[in-house]
Each structure stands twice: as C-alpha cells, then as structure tokens.
Amino acid sequence: MHSVMKALVKERAEPGFTLAQVPVPEIGPTDVLIRVEKAGVCGTDWHIYSWDTWAQARVKTPLTIGHEFMGTVTAIGDAVRAVSVGDRVSAEGHIADLTCLLCRTGQAHICERVQIIGVDCNGAFAEYIAMPEYNVWKLDPAIPDEFAAIFDPLGNAVHTVMSAGVSIKSVVITGVGSIGLMAIPVARAAGASSVYAIDVNPSKLELAKRLGADDTFLATQPGLVDEIKRRTSGDGVDVLLEMSGSGAAIDTGLQMVRNGGTAALLGIPSDNVSINLAERIIFKGLTVLGINGRRMFETWYQTQALVKSGRVDLRPIITHVLPYERFDEAFELMRTGEAAKIVLDFKGDLA
Amino acid sequence: MHSVMKALVKERAEPGFTLAQVPVPEIGPTDVLIRVEKAGVCGTDWHIYSWDTWAQARVKTPLTIGHEFMGTVTAIGDAVRAVSVGDRVSAEGHIADLTCLLCRTGQAHICERVQIIGVDCNGAFAEYIAMPEYNVWKLDPAIPDEFAAIFDPLGNAVHTVMSAGVSIKSVVITGVGSIGLMAIPVARAAGASSVYAIDVNPSKLELAKRLGADDTFLATQPGLVDEIKRRTSGDGVDVLLEMSGSGAAIDTGLQMVRNGGTAALLGIPSDNVSINLAERIIFKGLTVLGINGRRMFETWYQTQALVKSGRVDLRPIITHVLPYERFDEAFELMRTGEAAKIVLDFKGDLA
Amino acid sequence: MHSVMKALVKERAEPGFTLAQVPVPEIGPTDVLIRVEKAGVCGTDWHIYSWDTWAQARVKTPLTIGHEFMGTVTAIGDAVRAVSVGDRVSAEGHIADLTCLLCRTGQAHICERVQIIGVDCNGAFAEYIAMPEYNVWKLDPAIPDEFAAIFDPLGNAVHTVMSAGVSIKSVVITGVGSIGLMAIPVARAAGASSVYAIDVNPSKLELAKRLGADDTFLATQPGLVDEIKRRTSGDGVDVLLEMSGSGAAIDTGLQMVRNGGTAALLGIPSDNVSINLAERIIFKGLTVLGINGRRMFETWYQTQALVKSGRVDLRPIITHVLPYERFDEAFELMRTGEAAKIVLDFKGDLA
Amino acid sequence: MHSVMKALVKERAEPGFTLAQVPVPEIGPTDVLIRVEKAGVCGTDWHIYSWDTWAQARVKTPLTIGHEFMGTVTAIGDAVRAVSVGDRVSAEGHIADLTCLLCRTGQAHICERVQIIGVDCNGAFAEYIAMPEYNVWKLDPAIPDEFAAIFDPLGNAVHTVMSAGVSIKSVVITGVGSIGLMAIPVARAAGASSVYAIDVNPSKLELAKRLGADDTFLATQPGLVDEIKRRTSGDGVDVLLEMSGSGAAIDTGLQMVRNGGTAALLGIPSDNVSINLAERIIFKGLTVLGINGRRMFETWYQTQALVKSGRVDLRPIITHVLPYERFDEAFELMRTGEAAKIVLDFKGDLA
C-alpha cells in the first residue's frame, strides 16, 4: 500500500479546496480502509468550499472534505469481523460514539458526540478513507456505483419519508434540491397516494414532475395554501416534508397540513424562525418531527430495497459524473443551479 | 320545567359578567338537557371576564359562559338512545361536526368546525345546558361532584401526558397553572419515573411538590438547563410538557429535552415565537406535538380510571368551592393568583 | 314510495335463497333509506346460501341477505344531518352500538354488540335497505358503481394491509380468494417493496400475478419456506397477510416471517389451530394481529384514495356482473371457483 | 491473575452440577473479563440441573452454567473503549452476532444467531466470565449487588410490560413465578391502573399481593373470566401478560382481554397449543406479541430507572442469598417451590 494519496483538502480558512498529497489514513483494530471510487457532492461541501459563516464556525483546517461515497475495502483492523478486504462498500458518514444512551438504544444517528466525516474529521474526497467497521455498509451487487455513492443523501430522503409515514397519504414537499427531488420517488414507492412539490426554481419543478410528482407549484404562486387544500378535499395534506430550510416555506407548509397531520423538518434554517405556534401547530394537533441523518441501519436497508427493486431510479437526479480533479467545475455547476446531483470519480487511476 | 333560568352572561363588549335571567335552552332530537350542579372556572373564562384582546376577537355577545361542569340529565331528545333522564353526567365541551374527515377518523377533538361551549355558543355557567348526546359522559358513582366538574381541564392534562407517553420516562413540566399542576399526579400515575416542575410562582411550585413533583425550580434560576441535565445523566429529560405558553419557557424547555425526546405543547403563546429550529428540534431529532382539547373519549376513560382508582387526587388543586352568585369573588381570586382551581356551585336551590 | 320490494331472502332453514316480495324497510330518526343499485357477493353469502354449520348456528330466518352494496339515498330520518336524498352512497355493514368503550374510542369495527347486515339483520340484496346515517359513506363521483359496491371487502384488504404496515417491506399473502387478490394491488400501492402470493389454486395465482404479485407459489410446492427466505436475504418476509384461514397456511406463513416481523390474520379458521407458540411467535418476537372488518372510517378514506387515484384497479377482480334475478347462477359460479368477484345489479328496473 | 478458577459445571449428560476447577476464560480484543460476585438462579438453570428433555436437546457438555450475574471488571481487550478495569458491571447474557439485519436495526435481542451464556457457551456460575464489551452494563452505584445480579430476569419483566404498554391500562398477569412476580411492581411503576395476578400456587399469590397486585386469583377458581370482566366494566382487561407457558392459562388469559387489547406472551409452552384463533384473536382484533429476552439496551436503562428510583423494590422477591458452594441446596429450594428468587454469592473468597 502507498503511504500518500491525493485528496481534496480545505487547507486554509478561505474559499476553495486544494488537490493535495496527504498521508493515507491509518486504521485502528476496529476500522477498515476503503479505496474510494465514487463520491457525491453535497450542499454541505459547497458551504465549506465557499467558506460561508456556517463553515467558518464549524470547520477546522486542514481537512479532507466529502462524506458521500462508495469504494472497495483494502485493509481491515485486527478486531474486524464482518467486513473483508475486497468488499464493495458504502458507509454511514456519522461516526457515533456507540456508548451513550442514544447509541445504546438504536438512535446512534442523533448521538450527541457524533463526528461527521468531511466536516469534523477527514472525509471521502480522497483516494482512501478509514472508517469504523460499524459504519460500513456492504453493497448489494445489483446497486450501480453512482447510486451507491449517494446512499447518504438518499438515506436522508428515505429517513424523512419513513419517519413521517406516507403510506396511503397525501404529501407536500417544500424545497426540491437534490434531497427533495429524491424524496419524490421515495415517497411514491413508500406508498404516498399523492405527492406535490413546491420550489422557487422552475427547472427543479420540471425535474420533480419527471420524478413522479403529481403536481408542482412555484412557491411564489398566489393562493398556494388554498390550491393545495382544494386538491385534498379542503382538508390539507396528511404530510409535509420540509426540505428547504426557508422560514417562509415552513410557515406556508405548516398551513398546508391538515389538522392532526405530520410535518417532518429536514431543511436547516440559517436563522431563528418566527412561528405562530398556536395556529400552526397547537390548535391543529400537528406532529412535528426534527429529522437528522439516517437511522443506522434501518434506513440503509430501506434505501437498498428501494434502489435494488428499481422502484427508485436515481438516474434523472445524477446530472453529472466528473473526474475528481475537475472539482472546481463541479462547484461552479452547483453554484449556477445547473446540476442536481454531481458524482466525482476517484477511480480513474485504479485500472 | 321552568322556561327561564339564571345564568352568568357576557351581555356587552366590556369587562365583567351579568347574573341574568335567560331562557332555558331548547333541545333537538339528539340533544339532552342537563341541570348544572357544579362548574369549574378556567383561565379562558377569565379572558372573557376581563375582556382581553383574544376575547374581543373571538366572543360574540350576549353569551352564557363556562365549559367545565357536571350535573343531572332532566330531558332527552326523541332520538337519544344511551342517555336517560336522571343520569349524572359531565360533558365534552367541544361540539364537533361529526361529519368531517377528522371526526370520522377518531380525531373529533381537532375538528376544524368545532364549537366550544361558553366561547362559541352558550355555556355551562347556568342552571341548565343543552348538549348533544354524543358529548355526554356518564359519571361513575365513585367520582365526587367537584372532581367530575373539572374533568375537562384534567382531560387536557391527561391528553398531553398520554400523547407524549411518559411510561418509565423523565418529565419536565414548564408552567404549573391548574392544568400544569394536574399534570404532575397524572404523569406519576401514568408511569413517569421522574417529574420536574418549573414556574415563576413559588407558591405554585410548593403545591407542585405536594402533588408529587420530584423537584421544582423557579424559571428564573440561572443554569436551569444544566441543572435538569445533571439530574438526567447529562442527557436531558425524555419528555417536555409545555403548559405555560411562554416563548422563553418553550425555548428553555426544548433545551432540556434529550436528543430523540418528545415535547408536547399545550400552552398557547399569545404571539409568534422565535425558535432556533435547527438546534432545538431538527439536529436533536425531537418530536413536537401540538395538543388541543381531549380525545373523545379515550381521554375521558383514562381520566375516569385515574380519579376512580384514587391514583390522581384533585383535592389539593381545588382550592375554593363557591356559590355561583359569588362569581366576581372567584375571578378576583384568580386575578391575584390565590386560587389554583375554583369550582362554582349551581345546585344550592335544587334542594 | 312503494311499500313492498323485491329481495333475496333466506326464508327457511335450508339451502338456497328465495326471490321474495317483502316490505320496504322503515327508517328511524337517525336512519336513511337507500335504493340499492349494485351489490357484491361474498363468501359469507355463500355460507348462508349453502346453509353450512356456521350459517345454521348464526342466521335466524327469514332474513334478507347481502352486505356489500352501493345505491342512492331516497329518504332520510328527521335527525339526519349530513346525508341528503339523492346522495350516491355505499355503507359500512357493521352496525355498532356506538355507546360502548370500543365505539367511543375509535374502534367501532370491533364493537362487541355489532350487528352485521345480511347476517344478523336484513341486508342489501334487495331494492331498498335502511342504514343508520353513521354507517353511510358518500361516494366520490370518480368511483365507478361496481367498485363502490365492493368497498366492504376491499376495505378488509386495506385494513389488513394498513394494520400490518407494509411501507418498504416484503410481504407474503397466504390465500388469494377475492380479498387476498385485492390485497395485492393494495399492498403495492401502500408501499410494499415486494409481494409474494401463495394459494392452492393455480388460476387464482395467475390472477395474482396480473394484479402485481412479484411472484406466486403453489402452497403444495416443497421447500416453500426456504424459497421465500432465499428471496429475502435469508431473513424471511417482514409481513405475513394471512387470508386463507387454513391451519397449515398459518403455520407455514408464520415460518416465513422474519424475527421481529408482523403477521396479520384475516382468514377465519373453521376449527382450533395447533400452534408451536414458542418457535413460531415467542422466540421470534413476532407481532400477530387479529383483523376484523374495517376501521370506521379511516379504512374507507384510504380505500377511496386508492380507487380514486387509480392505484388500485379492481377490474381484473370483478369477473362477473349479473342481474340480481340470476343469483342462483352467481352462487354456482362461486361454487365452481370460476368467479373471483361477482357483482349483482339491482338497478335494472330503475330506468 | 490466576489461570484456573472454580465453576459450577455440567460435566456429563446426567442430573446435577459439579463444583469444578476450570481455566479462567481468555478474552479477545473486544472482550472484558469479569470477576463474578453475585449470580441469580433461573428456571433455565433448573432445567439444566435436572437434565430434562429440553436441556438434553439443547445443552452440550461440559458447560459452565448461569446467566444472571454482576461483578467487577478485572481485564479488558485491546480494542475495548468504554469499559475499564474496576468497573462494577452486569451484562446482557444474549451474545448476538451484531452483523445481521436484526442486530443492525436495534433488535439484537432477537438475533437468529444468538448465543446465550450458560446455555450455548460458558456462563456466569464461576469466579470469572468473559463477555463482549458490547454486552456489558455499567452499574449505577445506587443499585445494590443482589438487585444488579438479577437485572436479566427483571429485564424480561420490564421488556414484556413495556412492549405491551400499560400506561393507564388494566393488566392481568397469568403465572407469577419469579418473572411474573417482578412484573407486578414493574407494571404498577410503568403506570398500570390495575394489576390482577393469577396462579395455581396460593403462596405465590400472597407474595403477588405484597408486591402490589390489586387482586389475586387461583387459576382454578370457577368463573374467573367473568370475574375479571366484572372488575373491568364488563369489557375485559386492556393487557394480558402471559408468564406461565400453560396452554390453559393462555386460553383463559386471551378470553380476559377486551376486544382491541394486547396480549404479550413470555411464558414458553413446552408443546403446541390449540387455539381458537377466530374467537380468541381475530374477531376480537387482538394484538399478540411474542416476547423474548430484553431490548439492548432500552430495557436496561428502564430497569435501572425503576430500581434506582426505588419504584421497584426487589427485596420481597429475593428470598435467599447463599454461598455458591451450596448450589445443591438452592436447587432443592427451587424444586420444592419454597424460594422465589435465589442469589448465589461468588464473592466470599474475594476479601
């Protein structure tokens, strides 16, 4: 094995990444080393690339970026039992402490001491990454590499949909960025009886329609709450999947939910949100769910079932696959909104 | 039967009530007429009495006030089947339409077209009240009149506790007005492993202690979030029961809940509340429940079981029982905070 | 209105029905009178027609048969509020007492004092039927008559599927009579990731395949438990929907469910079943659900959503529509197994 | 550290145990070595001691027996992170594979490849035991040794009670052996509104009364189903906790549950049970839960909360504490039914 490798690194507290030579990570007795082959680019990566206030507060340089990926295991620690060299894998990027109340009760995805790869510790935009055996997900051979590389964000969509529960229910999705888009076929496959998508971006809405939304609406359309109620016998939808993080969308979305319905919040508002709790939540008897990460590993099993059966087809969402050296181009495509999901290829020199 | 009766009436758009002579209500084929014997005084009655902005916006005069009561059935409509003259009863004060999606699926308590007695239509501070048979709750003989008269607010406490789920869980209650106080013995009887109460009023906290709170805290105590975490192995409580409606209490309360925990909101904020959704709800994976009314009639069965078995003793909460003619005195006791729960007696002239 | 009508009546304690002239039913203040237009023929009707031991023990003659139907309201009682003359309706055939614990807590479908139309009181194989307003389901204009006529058994399938919960789960259905067949598209629409059907009848399995089963198996196939496990990563299915009532199918079906899975039992065994509780249920940590009727009216809303959206298409299941006078032919088709679902037409002389 | 230790060993395929000298177990990188101090004697140990047909089929000799225990960690493997030498601990005796669907989705307690200590591999009736770090439960200092030694069976009771859900519900327990007895204070602390206990042994019923049962009944009492219904308004109990494994008790217990109620089955029938599924489960809409082991580690947290808060007091149940050398005496006390729970002391020679 080589001792150095190429990686996309946030070297200094300023915009941009560097394609750097860094040491291949070392593994402990319960870790495995993975040769990264494909990796997804996420909005979080863009925050770090552009070095916005969130990134400045959270990220310590130098740091290898990236948390969505798949690859092949090349080495395992002495105490590893269930993963072997040669296994084709993806991995859960939230490294939980596995010892706290939450980890010991099946809720490791909200462990208070979680470390996120590519954010709190070195990540996946590199030739190699070390991961705890616990985090590794062995891939079914039927899952294509590109899809496997984005099981992490697809898992966000699946976890949101499954937490809300959509079986024979009507659903509104506010915000169809890449996770919101994925939530459309996921909700349909999970049994939603109708799925409406709302966004400010007409081209995203067009994609939403292709992905199976029953109808789509510009967030700016006047009378939108009434429009949604008209389509749901005047009651409002059973379920809101909030994926924009916009205060205005949250307020409008909550109005669209029927009394007794459920709102699952995945989008992260950058500021406090002012909410009329009495009218939007309390009198309506709503259930509001904060959604974070993906369940380990219910969500991964569900995600695999959806992709393997073909009920969720990610092809329309993966708009670009680029060699990792062209990362600046990838972030430019994200900035302009041209891309839905971009996958970077780290495998080129493997052959 | 007499054709006129005495009632406490909001006659004009100004503070105060009038002890007036009004017609005995008429009943339709599915209604029953009840001779009111005891009635509880609620914060809502105080809002209408003092004629605050909420009351001015909601209440149309003239209106007979009051929604918590018990009494005896004196007449029944032609189509009434399960209630008889002479039955000793309380009643659910939310008159739902019984025809909408919510009513037809066991959620009549959040019917969009609900009419609340004493708020939207004539109420229970009167010698007689007409109620739909559907709303009537036949009283177990083991339940004392005073307790039966306040099944409505006790039901709010029970519904909040049971919606959150407290069995072998740690609980914080923010705001121990009369419903918050009731929630303490209810939570203990429902299986809470620990109950902490927080309020701005030391005398209410003293009462909270007598009612079984494991510990009580002034809301103004510095470092209160940390104090609660110390008592819960550093994790925070499993459940928040928010019964104050205060924005500050909601924010503090949400911080006290552990990741993956549940917050049930019953208190009604008078204004929008500014919430850090990301830190308080989303990253923590919280479940936030809006709570309204009481379930028809799960909550009533549960309330009855708690009172009948003696596991919830309301005596410390009912601080005053007064003849209804002394209603001004009752509202003065509420205003000064001297009273926890006041029950009015409408039975005096029955003998 | 006429005072007499035609009806299919069990006149005496012997096989067969009589096409008789009987009084049009009278309605009470909370009832409605419905002109029956289409009615479904159920296995229960066959039990009564053939006068088997179950029927002999349960049915008191004379009795008008039939419980699956749709029609138009022609008269309403004085206290009826939400149903009007001219409404096109179906109705829940379980007449619950509406006053017991179960009815008062949203579980009227398992009321202990339920009366089933066409079994315990006069039914729907007639020109008119009287029903309590509470039981009436107003039909969406988008629902064709034939489908509306069988909302009752379709509701059994929906209630079974939704009680088990199938969203992103693997499902085995044992027994594909008409309800088992309906459960296939229902389970798929509700989000099942795979649906396997098992029966002794190859032609029913063929129909199962057309209705969307991923795979079908003869119950007699050797090694069937292993075969199902092979298709589910060796674990077994998440959910069993038992719709045969056969003791052997129940035993085999329970073996096919993975540890921690769910078995919903709808099929009614005619005798006691001998079960290895330790191996089949206890050590596996199974959840076993007894399923009866349909939820009032969650199931009806769900059924409507499925049919209206076209996600469940009943056309392949309704193999015959016959004028009601040809009822003997209908039962002969049932006896030979040629029919899946037969609908009788009572509307002929309406024009 | 010594290389040999004393242990109670099943040496040959015949009744009885031998107090033998055996090697101290070796530990792998993720294991810990525990000096056993106190250990509970279970019915399972009795099966192995008396060498009944179950034991003959399951147990391979030679084997160190025992699975309920507490002690102190004396050595840890290289990859152990969260347990230290000197920690006072108990441990989950079900060693799951941690790699299967069930283990990866929070259901390790029903892992198909589970190894139970003292049954499938060497157990805790010894001076030392090796356990995977994952299985270790660090004890709160407030928990007395004797109570800590029986967290395993207490956990069975807690898991059964919490799976059924008893908050403000009426409960019947059939079979009050040691776990059934423990279930009484657990159910009360978890919020049961009433707890009835049934057994064939009057002295166990007396103990049940002392532990908080509202009422107790001999299983042979005529009309017992009606008696229980009389105490529950004619409906039957909300919850059955079946802890006898007797077919007759299961049949009677199911009859005592109200329609829509829940039956949790923990007792293991030694043979098939013949059940009237139609009348006992299907028409009633029951939920029947197979219960196995304890949840890792929700149940352990709940068990700790109950014992630490004093809401569950195990003193009346632990009838004997004996030095381990007197194990024959312990099994004689079990055989005669004189003992409820016996704890063996392995600590004597530690001083």
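So that you can tell them apart, the chains are marked A, B, C and D in the order they are listed, and the count of residues begins at 1 in each.
Convention: a contact is a pair of C-beta atoms (placed from the backbone, for glycine too) under 8 Å apart; a residue touches a chain by one contact, two chains touch by 3 or more.
Predicted model, so just to flag it, every value in this text is computed and none were measured.
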Kindly list the shared contact partners of chain A and chain B, in label order. C, D
Give me the rotation angle that lays the C-alpha atoms of chain A onto its copy chain C, rounded to the nearest 5 degrees. 180
Could you put a whole-Å number on the gap between the CA centroids of chain B and chain C? 42
In whole angstrom, what separates the CA-based centres of chain C and chain D? 42
Which chain A residues touch at least two other chains? 101
Report the residues of chain C in contact with chain B in the complex, numbered from low to high. 28-30, 77-79, 81-82, 98-99, 101, 104-106, 295-298, 300-301
Could you list, by residue number, the parts of chain C that touch chain D in their complex? 100-102, 107, 109-112, 233, 235, 250, 258-260, 265-266, 268-269, 272-278, 281-292
Chain B - residues contacting chain D, complex: 158, 162, 165-168, 170, 189-194, 302, 305-306, 309, 311
